[in-house]
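You will see two complexes here that share chain A, one where it goes with chain B and one where it goes with chain C.
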Partner chain A sequence: MAPKRSGATSSTSSTPLPPLSIDPTAVLSDAISFSGIYPITIGANSIIHPRCKLNSSDGPIIIGANCIISEKTHLIAPDIDGLVLGDFVLIEVNCSIQAARIGEGSSAEVGVRLGKASRIGNNCTLSPLTTVSDRDFIPDLTVIYGENQRRIDSSGTGIARCEIILAHIECLKKLLPNKAEKYNR
Partner chain B sequence: MSSFPYIHISCPCNEDRPQLMAVDSARPLSPTKSPTKRDFPAPIPSSAPQTPSKRRGGPMAPSASFESTDTIADIEDDNDTEEDEENNFDPRDQRAAFSLFPIENLLYCEDCHQIRCPRCVQDEIVCWYCPSCLFEVPSSTVKSDGNRCTRNCYLCPICTALLVVIPVNHTSSSTLATEQPVGPFNLFCSHCHWTTSDLIPPLQLEKPTSISAQLAKLTPSAQDAEFTRLKQHYAQQLGNAQEDFTNSPAALTRLMGLYTGIGSGGGSHGSGMGGVGRKGRGVKKLEMKEIDRLREVIEEKELDTIERMATLGLDATANTKQRLSQPHEPRFLTEMRPTAVLLRTKRSKRCRACRHILVKPESKVQTTRFRIRLVALNYIPSLTIKRLEPTIQLTNLTPHKTHRFLLTVTNPLFDPISVSLLTPRYTPGTEYASRITILCPEFEVGANTDVWDDALMSTKPPPPPVVPTTPSSSFTGAGGTKDPRMSTVYEQKRNYTSVVIEVVPPEIPDTRETRIRDERLLEVPIFVRVEFEAEVDRDDEEGGGGGGSAAAKAAAAAGNPLGREKVEYSYWCVVGIGRVGDPVEGVVASEPNTPVRTPVGTPVKAPRTPGMSKTPLRQRLARE
Partner chain C sequence: MAQKSEYIQTETGNKVSRKSLIIGSQNIILGGKTIIQAECCIRGDLRRLVPQGQSAAAVAIAVGRYCFLSRGSLLRPPSKIYRGQFSYYPMKLGDHVFVGEGSVIEAAVIGSYVSIGKNCVIGKFTIIKDCVRVEDGTVIAPNSVIPSFSLVEGHPGQVTEELPETAAEILELKELYKGV
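Let's look at the complex of A and B:
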């Protein structure tokens, strides 16, 4: 029996879900929209908020462990090489991510737009409403702030931020109802 | 210029400064309230300075005659002559720009019965506080320690976000929760991840509290040192001076010699430079010169700077804004220091003429309420304008075409008002005058009653119906010689009335390139005169906060029909309608005195039967 799909978009209900491989410890909330044909992998301990849209029409999506994907965020795989999120990645509300890779410990704040096939290094921070152009490469430890100004973060707070994300996940796990089995076949 | 359309109201301070000043001398006559009939059985001297277009009450008849007819006639006669004399307000006049404000920016003095703009109020600081920690700073501390937060609030020099204190060596969260974090500490910007360790040399704090004191110790700056020294010097001079005034007549000599160094002896007081000054006159002279001394350029230093720029690149240099925000004007990002948060103030505002308080905020920092807030919006009728035909492009008005706009007057008062709008036939102050016609310049606006009062209390007499000044024959239809809408209001609701205003702009050459002022800008001055009957203020002890009209309402509720007072006031406002565009073919000027009627269908939805317009408003509303 086909699993009942989310009510977020009616279009997905007519098409079959892409092949999903969801870690049993991941928390997926109600009303997530999966579309596309390539596999989508969600790592251990990751949280996906409601009304996210994951589109794997052009390539696979791989989400690492301990990631948080917030509401209304679109993750679109740019090409056949897919979209790879490292561990401890925080994607805030209303982002549009078409990047090829987001490195470990990076965070994209509210409303960030990542252009097609852009690559984000490890431990980067993208401030609210910043944009990264197509095929751009952001080296490790870059902070994009203000009007797309960049600087290199030498504060050495990467580990602390990972800890904060862990605490964040801990809290969300208590708050969010887990509907992961809904998407498991 | 703000986006079209805008309406700015002219503050009376535009008309004549000295008049306002002279009101001061008139104040002692009525220390608490404005002159009213009860206050003044004798006529107010006509020489009492009053701005011509702003009057309440006006010259009153003696012995408090409550027969209103005489006084009204007086007022009107008086007013007519004044208006004849008075020149039209010219919005293009250079002085006008200083007195035009949107109504939201204006206050209203209940005692002078005048609009007060930011130029004619006096600000008084109620308290100083830090916007980040919301700590109220006493004014004595502000005087001694400057206008920045002296606690732990610092801003990132890179991105101006607030800095937080974090330990330099990160320990895992489990130990953090149990025991106090151990130093050293950094200031960290959670927005751009700048830390004080990024500085050269790195700046690290020993404890997470009293950051200001630690920073002051760690980053000694020449400017700060200079300032402290000067402050000490002047403090001592001040102390000496106070002694001098009581004890010694030699003080003057000493004060005269303060800067020249001639009188530095000054008797027993010695030179005022503290320990340093004692060394002698030469040292002091040097110190005083230091501040405007020529800045010495050391070649090695400059070369070093250039070299560093070459190696580090432009990204490592501070931009102009960052540089100017720091007293030592650093060239490189690694020389920037955290900046303490600037304090903010809460201010009360006083009328400059009568010294009464117009705005008084709560003195507690955490509350955003106001104790007194006399904003003009609650006292004078506000005007709004909108297009009647949605096809009108405000930034591109067609020359020679009649543009119809809807001018709405909203009444904030609890009494119904009668409004007269006067406007020059042609816009003044320009050689390309546009023709303006207000179709119904005199009308009534209902009281600002409670919405529920209006709906529930049907026994209350309705506001006086609209009285069309033209006979009903004018309603014969659009084909007639007379405009069917002339002299009728367009819409009348609870406390607002809308009338139609027609504007015919001429062809205007585009002068934006060649002149400073924009000839194509279409601004229409309108003189608004308001008349209403209000209760005489009886409770003179009532504070300024209640509002005169509130008091009037209370009196009305008490059922006292006596003590009505005819109140009249007026002001100029300027309506910025739009910009005139390029001429359009087919729309040509017709004979000068008739506005061109362009075929715009039936632009006004006014198929109002004459009988209907005579029915009381309330019944008409009920019928709809």
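Let's look at the complex of A and C:
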């Protein structure tokens, strides 16, 4: 990971941006770094915090609707099949995501590392500092906690969690300035 | 001295690295003589949303005196739903708080003389009282309360030992400030 000089001007003014398709209702902060050659799609109402890095050098990145991606997170497409985030995905700070797919309603908390081409099911919760190895498959409703212990979440609170994410997005839309037009050309 | 010019010194003696990322600085209070190293991130823009008609809550992050935020650490106000309204809530750090490299702090209150190691995660709305040491790589669960004079370690973080009564002297950061 090469150290980056300045945040505000780092949105690759020298190298061209990858093809971006940003929904008009998405909110992109300042100082997001896009790199790579494959297209990056960002769905409706999704929020991307500052200092995120999205790298599509090896494949496309598709972010669904109503996702929140926090600062200092790296999204790297693992291969030509790309990285697909479902709807209502919450990714907290300091994550490094090289997964092939993260299912709907899943959340990755602080500092989660997802190995190359790993697949995360729907409504999963990955607790802070969890590491998922390359090509691993995490089934739906799994909670990973502690030292890689797993259980199935049978509380059926998936819909309630989506509602919290919607309220979170509504709050962030009031707080974060939208700089999406900076990336739209 | 190349090292000196890395920091911008404020009137109250805070030393803030030019390579740090401070967002929403109008909502951040630094008590003075606080050091913020490179690649630190402080999210002052995530402030409390108040219903219309009330005066706006101005402070998102308050930091006391002689704090030390190491490289790559991150302070982020905690958020929750309360009475149907999702909002961020203010975060308060006391004096002589050390935050290790790469740690992420989403606590509500951190007392004075607290030392947090490297790569720790302090969960949302955690309350840490005075004179606490948090070992490297600890993950403290959201909404926990850590009592005074504790040593916390593990994943999830648990109090494993009691610190001696002289802990405040050991955890003082005045010398560290003079060294930068």
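Just so it is clear, the second predicted complex is superposed on the first by the 174 of 185 C-alpha atoms of A that agree within 3 Å, B and C clash if a C-alpha of one lies under 4 Å from a C-alpha of the other, contacts with A are read in each partner's own complex, and residues count from 1 in each chain.
We adopt the following convention: a residue touches a chain if its C-beta (ideal position, glycine included) is under 8 Å from a C-beta of that chain, and two chains touch if they have at least 3 such contacts.
Since we're looking at a predicted model, the values are computed, not measured.
When both complexes are overlaid on chain A, the residue A:Glu147 reaches chain C alone and has no touch with chain B. Contacts of A:Arg51 after superposition on the shared chain: chain C is touched, whereas chain B is not. Once chain A of one complex is fitted onto chain A of the other, the partner contacts of A:Ala160 are limited to chain B, with no touch recorded for chain C. Contact with chain C, but none with chain B, is seen for A:Lys174 once the two complexes are overlaid on the shared chain. Looking at the shared chain after the overlay, A:Ser127 reaches both chain B and chain C. Touched residues of chain A were counted for both chain B and chain C, and C has more of them. Looking at the shared chain after the overlay, A:Asn94 reaches chain C, while chain B stays out of its contact range. Looking at chain A, you'll find residues 127, 145-146, 167 touch chain B in one structure and chain C in the other.
Residues 3, 7, 31, 50-51, 71-72, 93-94, 109-111, 127-129, 145-147, 164, 167-168, 170-171, 174-176 of chain A are the ones that touch chain C when the two sit in their complex.
Considering their complex, residues 125, 127, 143, 145-146, 149, 151, 153-157, 159-160, 163, 167 of chain A touch chain B. The part of chain C that touches chain A in the complex is made up of residues 21, 23, 39, 41, 43, 45-47, 49, 74, 76, 79, 81, 85-88, 102, 104, 106, 119, 121, 123, 137, 139, 155-156.
Across the complex, chain A is touched by residues 158-159, 166, 170, 172-173, 186, 188, 191-195, 197-198, 315 of chain B.
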